[in-house]
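By written order: A, B, C, D and E. Residues from 1 in each chain.
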Amino acid sequence: MNNILNHIGIENYIFLSVILFCIGVFGVLYRRNAIIVFMSIEIMLNAVNLLFVAFSTYHQDAQGQVFVFFSMAVAAAEVAVGLAILVSIFRNLGSITIDNLKNLKG
Amino acid sequence: MNTLIAIIGLGVLCLLFEIFNLRKAIVPITILGLLGVLGLTISEFNSTESYYNNMIVVSKFSSTFSSLFIVLTIFLVALGHNFYENHQSKISDYIAIKIFLLAGSVAMVSFGNLAMFFLGIEVLSIALYILAASDRMNLKSNEAGMKYFLMGSFASGIILFGICLIYGAMGSFDVTEISELSQSAELPVWFPIGIVLVTIGMLFKVAAVPFHFWAPDVYEGSPALTTALMSTLAKVVAMAALYKLLSVMNADISESFKIVVVVISMASMTVGNIMALRQTNVKRMLAFSGVSHAGFMLMTLLSLSTSAGSLLYYASAYSLSGIAAFSVILYVCKNRDNEDIVNFHGLGKTNPLLAAILTAALLSMAGIPIFAGFFAKLVLFNQTIQAGYLALVIVAVVNSIISVGYYFKLILAMYTKESNEERKGTPVIIYAVAVIAIMLNIALGLFPSFVLDLLA
Amino acid sequence: MNVSLILIILLVGAFATFLAGDKLASKVALFFGLAAAGAAIVLLNHYNLGENISFINQWITQPNISFALKADGLSMAMLLLTTVLTPIIIFSSFGNDYKNSKSFYALILFMSFAMAGTFLASDGLLYYIFWELSLIPIYFIALIWGNGDAEERKKAVVKFFIYTLAGSLFMLVAFVYMYQKAGSLLLEDLYKLNLSATEQLWIFLAFFLAYAIKIPLIPFHTWQASVYQKAPTVGTMLLSGIMLKMGLYSVIRWQLPLAPLAAKEYMYIFIGLGIVGVIYGSIVALKQKDLKKLLAYSSLAHVGLIAAGTYTLTLDGLRGAVLQMIAHGFVVVGLFYTVEIIFRRYETRAIAEMGGIRTQSPKFTSMFLILVLASVALPTTFNFIGEFTVLYSLSQINIWFAILGGTTIILGAYYMLKMFQHAMLGETNTKPFADVTVNEGITLVLIIGVLFFFGMYPKPITDLITPSLEEILTQINRIN
Amino acid sequence: MEMNTNIALVLVLAPFLGFLINVFFGKSLGKSLSGIIGTLSVLVSFIATGYFFSGISAQPEGIRISLFDWIQISNFNVDFGFQLDQLSILWLLFVTGIGSLIHLYSISYMHDDENMHKFFAYLNLFIFFMITLVIGSNLLVLFIGWEGVGLCSYLLIGFWHKNQEYNDAAKKAFIMNRIGDLGLLVGIFILGNLFSTLDYATLKTAIAGATNLDMYWLSVAAFALFIGACGKSAQIPLYTWLPDAMAGPTPVSALIHAATMVTAGIFMITRLNFLFDLTPDVQSIIAIVGAVTALLAATIGLVQNDIKKVLAYSTVSQLGLMFLALGLGAYEVAVFHVITHAFFKACLFLGSGSVIHALHGEQDMRNMGGLKKAMPITFATMLIASLAISGVPLFSGFFSKDEILLVAFHQNIPLWVVASIASIMTAFYMFRLMFLTFFQEFRGTAEQKHHLHESPSLITIPLIVLAILATIGGMISLPGNSWLNHYLIPILPKLATAEHHLGTTEFILMAIAVVGGLVGIGIAYAKYIKQNNVPTEDAAMTGFSKVLYNKYYVDEFYDAIFVKPINFLSRFFRDTVETGLSALVFGFGKVTNEISYQGKKIQNGSIGLYLFVFVLGLCAIVSYLFLAQQ
Amino acid sequence: MSTVLIIFCVLAAITLATAFLTIFSRNPIHSAIYLVICFFSIAGHYLLLNAQFLAIVHVIVYSGAIMILFLFTIMLMNLNEEREVHRPRITRVGAIVSFCLICLVLIAIFINSKPIVGEYVTTGEDYQSIKVLGKILLNEYMVPFEFVSILLLVAMIGTVLLSKKEKLQK
């Protein structure tokens, strides 16, 4: 069985996931809408997951893929908690723009 | 491993109590349970064993730090009795979350596999997000939770990325394997980058400059007990985990990396202390003080092989005085919507005992002798000079001086200002926690060897 | 006899006083103060019999720190100064009514404990701990029981605390550095170190910062006057009577023997600094309006001279310095006590509001005058012995040092007599001034008695301190 | 030997005991009793001195008593010891002798003062310190006395302490003395460093035995000691305290500021003659300073109107003459003049005290006159003393002053001229004093005139005794056959060989001096008796006399160049430097506080910013580690 | 260029483009939908790498669970219209600057590092079938697996804690 990376090259996966990761970072910084910010964080995690799988293939090792499961579980848990917080903010504030969250400063 | 299992069992037990409507018993039973776990941990002190394919490695390091975490959790749970008086229906949740948080903490210092490390840190973080936002109707608490959550998951992403790169370089998550591999072969650059990214993520957790911005805001907004938890337990856990991570993976800390650590350490101390000077909110002030203490603790990374004892000592000294200070803060600021210094006016007259304890706690943080904080700094300085970073020590000394400025602001407020109102009630548990914590602190100061030698 | 007994007495005394309650506090404190003094005298007796008074016990294994106390002649002298002055100071406060007096007296004893510890410690870290520990009680004494505007006082006291702490932290760094080299902080081990000239210079400077602030030497003295003024008189007495001496003692015990090369190299600078302090302090004292501030500046001048004496690195310099330390300790306590006596009657420390007291209270005036004269080193008082010896040692270095340092006897007379004239003499004051009470009288007479006795017969003290000073000198001269 | 020690202790401690009794019990003893105790205690000392004096011829080397080790210095120990030899016994004689007389006088003089017991206490203390000064066997014991008498002088000048001007004068005296004391100390230091001893006897042997003396340091030491003497003995430039010291009660002026304390400088220099002999440069300085002081003080004395001020300047002038003698190496002459001067000046002061007493405190001579009839004894005794001081032959002053002039003429003509002019002036102003006070009509108020009376016998007896001594005091050192010179040989060995013959030159000089004195008296007579002049009011004074009357503005000069600058500096230091230094320290705090304040603005609560900094930090670290390192 | 590479490039392009669109869309619902597409393209990558099980799980968890959660929330808050306040320019500039910077830095490092040379090893062993994954997950990684349950438990309690109404006292 031929290793697929011989056709693509691990570097390409690295670049892809780095760029994807950076897009996630960019989204977190760029958007003020908390939901979109959450989504950006999901993009970041997915970029990493992608790389895990790529490395898993690279090493011909399953552990990377196992780790992706954990990572997914973490992502799910985070999203759940994050959204719960978001909902309570929305209830109190009527908005989910994170720029409105500037009471704590100084 | 037994510790971890016992803790998790205790957490589940907490949840069960809720079902059987035994809320009153939760706190005492938990404390008793934790004491039991503490005993269990101490009984395993000298055994170095790894469990379940090296997922959990119990060593002296892990058991001592676990004991410290357990002790801190006992204090925090005890304080919860008073703090959650008005939230009886949720008390089991709060307590259970704290217990699980402790489980995450223990995982973070006894991991043998990066998966455990990552999951541990996530359990810790998610529990903290929840606790920070737990005062649901309070916008400040919401904001704190949101900020912490956003930035925390951002940092988690970076840690994950780092772990991924390490895996890419090594093909394994097992720290022993990584450690072996890191010495032998020519490594792809991914490995050091991965280490650096994980380190940066952890630096965020310990709130080191420039990744510290969340700390003051979150500390201020969170419910006071959560702040206590963050500034004592969470900080110490993150620091211990970072230390363990770097030492156990035998990550070859290059000179330039050390310079980065030095710079971050200096910056943390300086920024933390300077920013704390003008704060009027005590929690916020302690947040900045925590930033500076993080800077101090980072000094241990400069001599990884020998400084475990000093880190343990510093962490104990710092967190015990933190517990003592926060129990006084909890008492003073109960039923108030802020923690401004104004609330502390005249405490020296209205409640001399607590004022004295807070004073002692602050003096310990400032590093005045016989309190453990002094010896903590001393051994740290000693080690750092040994490692050849005299300049860092001098910066640290200058910072110690600055720090006295704001610690004393609070002390002065207690003793020189007139109290504006009477406080009623003598919550025995707060007294007990405060007294025991500060006694432990002083005992550590009088017999430093007791702790220092544990990891020598 | 175990040397740590004294420390234990003082510490237990502090707790006992605290537990005794407000009413009994002062008496309990006095009792323990006297007990410590008694123990010190017994200890002196043992020492004179040739016993080796030391106590050593491993304390921290890593880093290697011992709980080591050792009393040689020098330490004994300073210990006696501390333990004798403490009961006097406590007794002197009997006329005052302090609120929460149990804490007040407990803090005094605790401070005395820390200072005694500083004088006895022979392990660098232990010494440092005692050194720092002594700062806390005086901070609270000045802060809580002090006088004047609360804001001003706060500012002054905090400045004092931070400033002195700042200085001593650098000393800590120096200790830690030396620990790297010696592997222990025991005095004897540190004495064996062979540090290079550069290292010695830095260590010397680090120590210097700590001591120059504590002593204080110009220009590090800015905390002094305001704290003296704001602190309650008891605090001022503790500060000026004993705590200043901690700095000077430490110069002799730690700084000079540990960094002799630097001390020799820059001797002239440091002597000069001391002498500038003498002149500057005297001149500033001239125009002070507040009695306590005036005495503070006079202290500055006196300790400047003492410091100059220590930095001569001659036996006379060291001996004179120690003698003068003790003498100054007593005289300054007496002087501050007179200020307190006036304050009890007139509620003021402003010289302008006094005057014409002599006609009303001849006894008080006479004792005040004696103290004034002792402070300007009139022969037959103890201060003369000290000042003469120090000036003599300065003349051995350079006659100009002696001349410039000697201006203290002119300027000192000028400001002290001026103060005396305006505070005590002149047309009878309209406000009544009761003559000294029995308690006040006893305190002053005790002090005056000590001053005259040792002024005429300083031999016991000289004999006590000389061997240890000689030892220290050998230590200083071991590298050339 | 034991006996001697005990008696010496009695000698020293008797006045001290008197002091203690008067201090502690004086008030309850009553005025007379405390006076008597004071007087007796000095008399005891006088008697003890007499005992030693009678024994000294048998023991020419003197008696040395060492009591205990006092101060230990690295290269020597200082004993607390006494040395009773010719010089100290001589001094003790007139200190305790005149001291007793003045104590006696004071019993009456101070009787109206409520604090009389204190006065006696201080006087006794003074005597005690003066004895210590004289009797000490080394320079440090001398220094005890030296400072002690300064202290007593301070206490006594400011005796009437309700008057702040008097207190100022007292303070001034003490401080100017202390300037001298510093000089003395410096001298002591140098001697200690050079010879490792401060003991006179050892010092003498050391200097005699030394092979190569460091002449430079020796001169410096001598000069420093001389400065000390200047302070105590009121020489230029440290003389200004003495006239002001007249603020004290008159017996004090007589005892301290005329007869005893001010001679301490002369004592010290004579004591160390072996040292000064080796330093001719310093000797010439001493001579010049002495001569100039003599002249300067005499000129000021010419125009003073305060009876005590005249006497004070006269004292300064006479002390100047003594220093001239010392400078010329004629120690015995200086000593001789000290003794005669003690007699006549004490007499003059006590006389003036009697006058002041009679006039209830009036001291201005313009308000006196014609007291001759009312106070015959006072007048007679003062006249005798004035004749003595003016150098009229056969009175004691004639002999002593003449010897000084003789020595001066032999060694240095210009100095002789200066001294002679000073002597003529002395004669003038003394008789100006006499004429203004005792002759012509009384110029005071009718009230005063009504109460004019001769003083009681307790006052007149000492006057008479002193007048007799002033007359015959010259006997102790007659030209050609000097008992004093012979007596002092153990102290001044060269006297044994010095031949003292009276030639023509000497007689001519003597004549010149006598004529000069008479001329001075004559001028005074012409001006104040013939023309009946009365000195003008202060405001009306013009020209040089105004300068003289204002003492050459020396006080103002000192004030301008020393006192004012120091006070200015003090204010400057207090207000500017202290505040500045303090602000500097606070400045660190303020700056960090300000940074903190600015820092708070950065922490603006925006998550975007926080993450932005996070990312920047990350980039910085990563690029530093992995890009910058290659 | 092999077909695989072309597929990779297409998928990568889709991934990146949809990721960008997620961020740039004004309407949150659009963002969510773009994100779903993005996730699907990532699942495509997984398939390309022969990790079928993972791809399925990915689609189920992300597109099926997480995105539904998102959409629910968006609906719940009624965010379908554009609500976002205008973003200050400094924020945008800052975001773009940091994006460029972090991209540049990371890519530069990886380019700088020495390239992987030679063939990628192929053991031929099965390492990513469901069977193998299951074995590893439940043997070696049993403890983390259990620990994940704790994590989820915490999240669950937390979510309940944050949302549950408190019984009022009195």
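Simple rule for what comes next: a residue touches a chain if its C-beta (ideal position, glycine included) is under 8 Å from a C-beta of that chain, and two chains touch if they have at least 3 such contacts.
Protein names from UniProt, one per chain: A = NADH-quinone oxidoreductase subunit K; B = NADH-quinone oxidoreductase subunit N; C = NADH-quinone oxidoreductase subunit M; E = NADH-quinone oxidoreductase subunit J.
Since we're looking at a predicted model, the values are computed, not measured.
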| item | value |
| --- | --- |
| Each chain counted as touching chain A and chain C at once | B, D |
| Pair of chains whose C-beta contact count is the highest in the structure | A-E |
| Longest centre-to-centre distance from chain A, chain (CA-based) | D |
| Farthest-lying chain, centroid of Cα atoms versus that of chain E | D |
| Nearest-to-centre chain - CA centroid comparison | C |
| Cα-centroid distance, chain B relative to chain D, in whole angstrom | 78 |
| Chain A-chain D separation of Cα centroids, rounded to whole Å | 98 |
| Separation of mean Cα positions, chain E and chain D [Å, integer] | 103 |
| Cα-centroid distance, chain C relative to chain D, in whole angstrom | 37 |
| Shared interface positions of chain C, touching two or more other chains | 162 |
| Multi-partner residues of chain D (each touching 2 or more other chains) | 589, 600, 603, 605, 607-609, 611-612, 615-616, 618, 622, 626 |
| In chain B, residues with contacts to at least two other chains | 115, 119, 122, 126, 129-130, 133, 136, 147, 150, 154, 189, 193, 216-217, 279, 405 |
| Chain-to-chain touches, reported pairwise for every pair that qualifies | A-B, A-D, A-E, B-C, B-D, B-E, C-D, D-E |
| Contacting residues of chain B [partner chain D, same complex] | 147, 150-151, 154-155, 158, 189, 192-193, 196-197, 200, 204, 210-211, 213-214, 216-217, 254, 256-257, 260, 271, 274-279, 402, 405 |
| Interfacial residue positions of chain C with respect to chain D in the complex | 159, 162-163, 219, 221-223, 225-226, 280, 283-288, 314-316, 319, 356, 358-359, 362, 366, 373, 378-380, 385, 388-389, 391-392, 395-396, 399, 402-403, 406-407, 409-411, 413-414, 417-418, 421, 425-428, 456-459, 462, 466 |
| Complex contacts: residues of chain D adjacent to chain B | 589, 592-593, 595-597, 599-600, 603, 605, 607, 609-611, 613-614, 616-618, 621-622, 624-626, 629 |
| Complex contacts: residues of chain D adjacent to chain C | 23, 68-74, 80, 118, 140, 143-144, 147-148, 151, 154, 158, 161-162, 164, 167-168, 171, 174-175, 178-179, 181-182, 185-186, 189-190, 192-193, 220, 566-567, 569-571, 573-574, 577-578, 581-582, 584-586, 589 |
| Residues on chain B engaged by chain E in the complex (per definition of touch) | 8, 11, 15, 51-53, 55-56, 86-90, 93-94, 96-97, 100-101, 103-104, 107, 113, 115-116, 119-120, 122-123, 126-127, 129-130, 133-134, 136, 188-190, 193 |
